[in-house]
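After this come two complexes, each holding subunit A, first together with subunit B and then together with subunit C.
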Partner chain A sequence: MSEKTNDIIICRCEEITLGEIREWIAKGYETFDELKRVLRVGMGPCQGRGCREMILREIAAKTGKPVADIHPGTFRPPAKPVKLAVLAEGGDK
Partner chain B sequence: MTWKRTADVVVVGGGVQGCSIAYNLAKLGVKDIVVLEKGSICSGSTGRCGAGIRAQWGTEMNCRFGLASVEKFEQLHEELGMDCGLNQSGYLMVAYKESEFQQLQKSMKLQNSLGIDTRIVSYAEAREICPGLSAADAVGFTFHNRDGHADPFLTTFAYMEAAKRLGVTFHRFTEVTDVKTVGGKIAGVVTTKGDIDAPVVVDAAGGYSQFIAKMAGVDIPNFSERHEILITEPVEAGVCPPMLMSFSGNYYIQQRPHGSIIGGCSPEGHPQDYEMGTSWDFLEMMSRTFVKLLPRTKGVRVVRQWSGLYNITPDKQPVLCEADNVRGFFLSCGYSGHGFMFAPISGELLAQKILGQDPWIAIDQLHYSRFERGDLLIEPAVV
Partner chain C sequence: MRQTEVLVIGGGPAGLSAALEAASLGCDVTLVDSDLALGGQLIKQTHKFFGSKEERAGTRGFKISEMLLEELHGYKDKIKVHTNCTATGYYKEDGVISCVIGEEKYFRIQAKKIVMATGAQERLLPFPKNHLPGVYGAGAVQTLMNVYGVAPGEKVIMVGAGNIGLIVSYQLMQAGVEIAGIVEAMDKIGGYWVHAAKIRRMGVPIYLRHTIKEAIGDQIVKGAVIQEINDKFQPTGTEIKIDADIICMAVGLTPTCEILWQAGCKMIYVPQLCGHVAQRDMNMRTSHPDIWVAGDAAGIEEASAAMVEGRIAGVGVAKSLGHGNASEQAKRLEDYKGRIADLRGGEVGQKICQGLKVCTVNQWEV
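Moving on to the complex of A and B:
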């Protein structure tokens, strides 16, 4: 695929391009969690809502597996960011 | 990846310890090294840790390990060819009790005698190092500017990539299910992908090291505890420049270069069920610590919380040695809360030991026989 597509930003929170994702998949970092560890994709404020699907599709394309077989990676709480002051007061248990 | 049935060295565990050992062995000329990891690289404690690095320790051996590791981290990017995310803006130790401050000062004297330039700082100076710090209830502070933190993923991957270039093979998603011995010597391993015969096997299985040791017929008293940690959304730099740490205050807090703040503490009770669960108690306690210590973080949001295992020995100091009853079986485990920072040095020392050389910092004290002898290593500055 063209150089141009490689410049597309896939993870907007961490400013990671398609080219970078492809480069690390080629090096053997071919699960979502491994890409997350090396590129921080999915660790931004949106916690991967904006980039997970595209990355899973790219892994599927590069490894030749169906998208449904690609592990979506680990989900960590809280599901929505919560302010420290709210948590410190006990939040809404 | 093709499977070879023999190797010169098999390393069990693809965390920072296993990767550092494999790299250091390859650097010393060992040719046929295989690292076996049941999950993916850095999926164990290493990828879950706070990644703090410090030379502020209370025993001579730990000070020497700490300083050597700091020095290694300072040139790791150059050595391994990959940025490890080192942030060297010091550890600010906070004492809330008189006895604790006296201990910090005692440790500081030892550190100074070994070339570690830790110093006492006043509250005013502490607030220059960490603007916005609120610790009027503290008795005293010590600071060492070469301490800091790194990125645990990048550090481990940097070791792995450098090791690969030197010919080391990595098998992910490959679990060791048995360790073979013959007549008091190591013979190899059995895995979910097949067997490998090898004259040297290294147990770097982190929270699971006691199980690998048991497979080899080696009895170590290690056990694993769950410890929790959280991270906030990224905020502007300078909210918490140094690593803030307190034994009695029961916390460590640091801000990564990309802006997120990481914090951990130890509420009562650490489940030993090997489940990486998270608790509300921790979240609430840690958040309270954050807003008390750094009031301007009140509006900062927590984005993730998780937990990982501390592999613990009776004195919370590591096991780094060859087994007595199974020659060729080496162990690097039991690092409690400091196995990330020591990896650059412990990997090098164990590699020297495996090759029959004298490790340049003596590690005899770290043999597990100390537990039976009752010769525990008393380290006042451990969590």
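Moving on to the complex of A and C:
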């Protein structure tokens, strides 16, 4: 693949490129959660809304598995960033 | 902790319909929407709807939104609305939902029943320099133009010849913006013929079996190189350079399901519905006995179908709470199911129905 393609930013929140994602898939990190742990993809403000699909398609292309068989990873609250101070106040009654 | 009988998450066509239906049968409803105004994507849809008369074919999207909001006004005692309010989490231990209003206000809410009508998110394509200013999603272009009255640029390359790509191209032309071309990876136009014909009559080239290879530009978009692809979507060589200051992506949507995943609903990947969706019964109840789903969050379809699904979910929720009488509920469900079957009667509907077969169960085991 060309250098230009490897430079495409896939996870914009954490600035992770397609090249980095390919490098780690080649090392055997073939699930979204594993890539998340090593690269922080999907851990920024958008929580993977932008990059998740593209990464799943890339895993499918590289492993030959259908997208349907690739788990999109674990979803935990909060779905968008919440300031710690706001949480610490505990919310209204 | 706040309490509500029914929490509807998402105030687009599906969520509004679900809230109205549940309230009309006697439920107390709280409706939260992350946007500043209710109506979801309807508020930016200036085109006339297709579909059926019951679902307001021939009416423009934003007018349909106004009608739903007027109906909502009649239920101000039954439906409590929070806008600029995002549901951020479902906590399995106690079924509590957390919400933030803006970025500074936080509350937790316990609902007896929840309708997830969180809509969809736009798909993106990875290509070199797709981070440049000037690369837009079609939703953003519609918001700029149709909600705020701002033209996004002067010359646009549209990626995707589905209905959204075609309609937004036409609206851009109405706003005086030039369409340099429409690029489509498939070998045929995905959207309705009538939309495509309008565009072709105005001399806009539609490049079938082409994809965007890269954006051109340093600080901002100056154009793009598009390339012919074969039936395996591999590039075959012929490249065309097109000047433009906007690249607009209309390559599809995928259901927004974070909270359904968090709640442990059974999910399944259904390509015809454009991604992972919750399995549901005939009344849109998920595998979680207190959670229903409706609209694009349940599978990508048109707003007219989303509205009927919302109505079905609304009746389902009311029924489970014991609101309304059984014969009224049955009558409404029969009516809505007939209407949604009509909407899905066409060629596009066949694909949807195939997808629905995969993710719909007759009844959840008790």
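Quick notes on this structure:
One rule holds for everything that comes next: the second predicted complex is superposed on the first by the 91 of 93 C-alpha atoms of A that agree within 3 Å, B and C clash if a C-alpha of one lies under 4 Å from a C-alpha of the other, contacts with A are read in each partner's own complex, and residues count from 1 in each chain.
One rule holds for everything that comes next: contacts are C-beta pairs under 8 Å (C-beta built on N, C-alpha and C of every residue); 3 or more make two chains touch, one makes a residue touch a chain.
Here the structure is a predicted model, which is why all the values come from computation and not from measurement.
Placing subunit B and subunit C on a common subunit A by superposition gives a fit, with no clash between them.
Judged by the touch definition given at the top, the superposed model places A:78 against both subunit B and subunit C. Taking subunit B and subunit C in turn and counting the residues of subunit A each one touches, the greater count comes from C.
Using the contact criterion defined above for the overlaid structures, shared-chain residue A:10 touches subunit C, although it does not reach subunit B. Centred on subunit A, the angle reaching out to subunit B and subunit C in the chain A superposition, using CA centres, is 140 degrees in steps of 10. Applying the stated contact rule after C-alpha superposition, one finds that A:18 touches subunit C and leaves subunit B untouched.
In the superposed model, A:67 lies in contact with subunit C only, and not with subunit B.
Contacts of A:87 after superposition on the shared chain: both subunit B and subunit C are touched.
Residue contacts after overlaying the shared chain place A:37 against subunit B, while subunit C stays out of touching range. When the two complexes are overlaid on their common chain A, residue A:50 makes contact with subunit C while staying clear of subunit B. Closest approach of subunit B to subunit C, taken over C-alpha atoms in the A-based superposition, is 7 Å. Looking at subunit A, you'll find residues 47, 76-78, 82-83, 87, 90-91, 93 touch subunit B in one structure and subunit C in the other.
The touching residues of subunit A, counted against subunit C in their complex, run 4-5, 7-10, 12, 18, 47, 49-50, 53-54, 67-68, 72, 74-80, 82-83, 86-87, 89-93.
The residues of subunit B lying in touch with subunit A in their complex are 40-43, 47, 153-154, 157, 161, 232-234, 258, 278, 280, 283-284, 287-288, 290-291, 297-306. In the complex of the two chains, the subunit A residues touching subunit B come out as 14, 27, 31, 33-34, 37-38, 40, 43-45, 47, 76-78, 81-85, 87-88, 90-91, 93. Taken together, the subunit C residues at the contact with subunit A in this complex read 1-2, 86-91, 98, 100, 103-108, 121, 123-128, 130-131, 214, 254, 256, 258-259, 261-262, 269, 271, 275-276.
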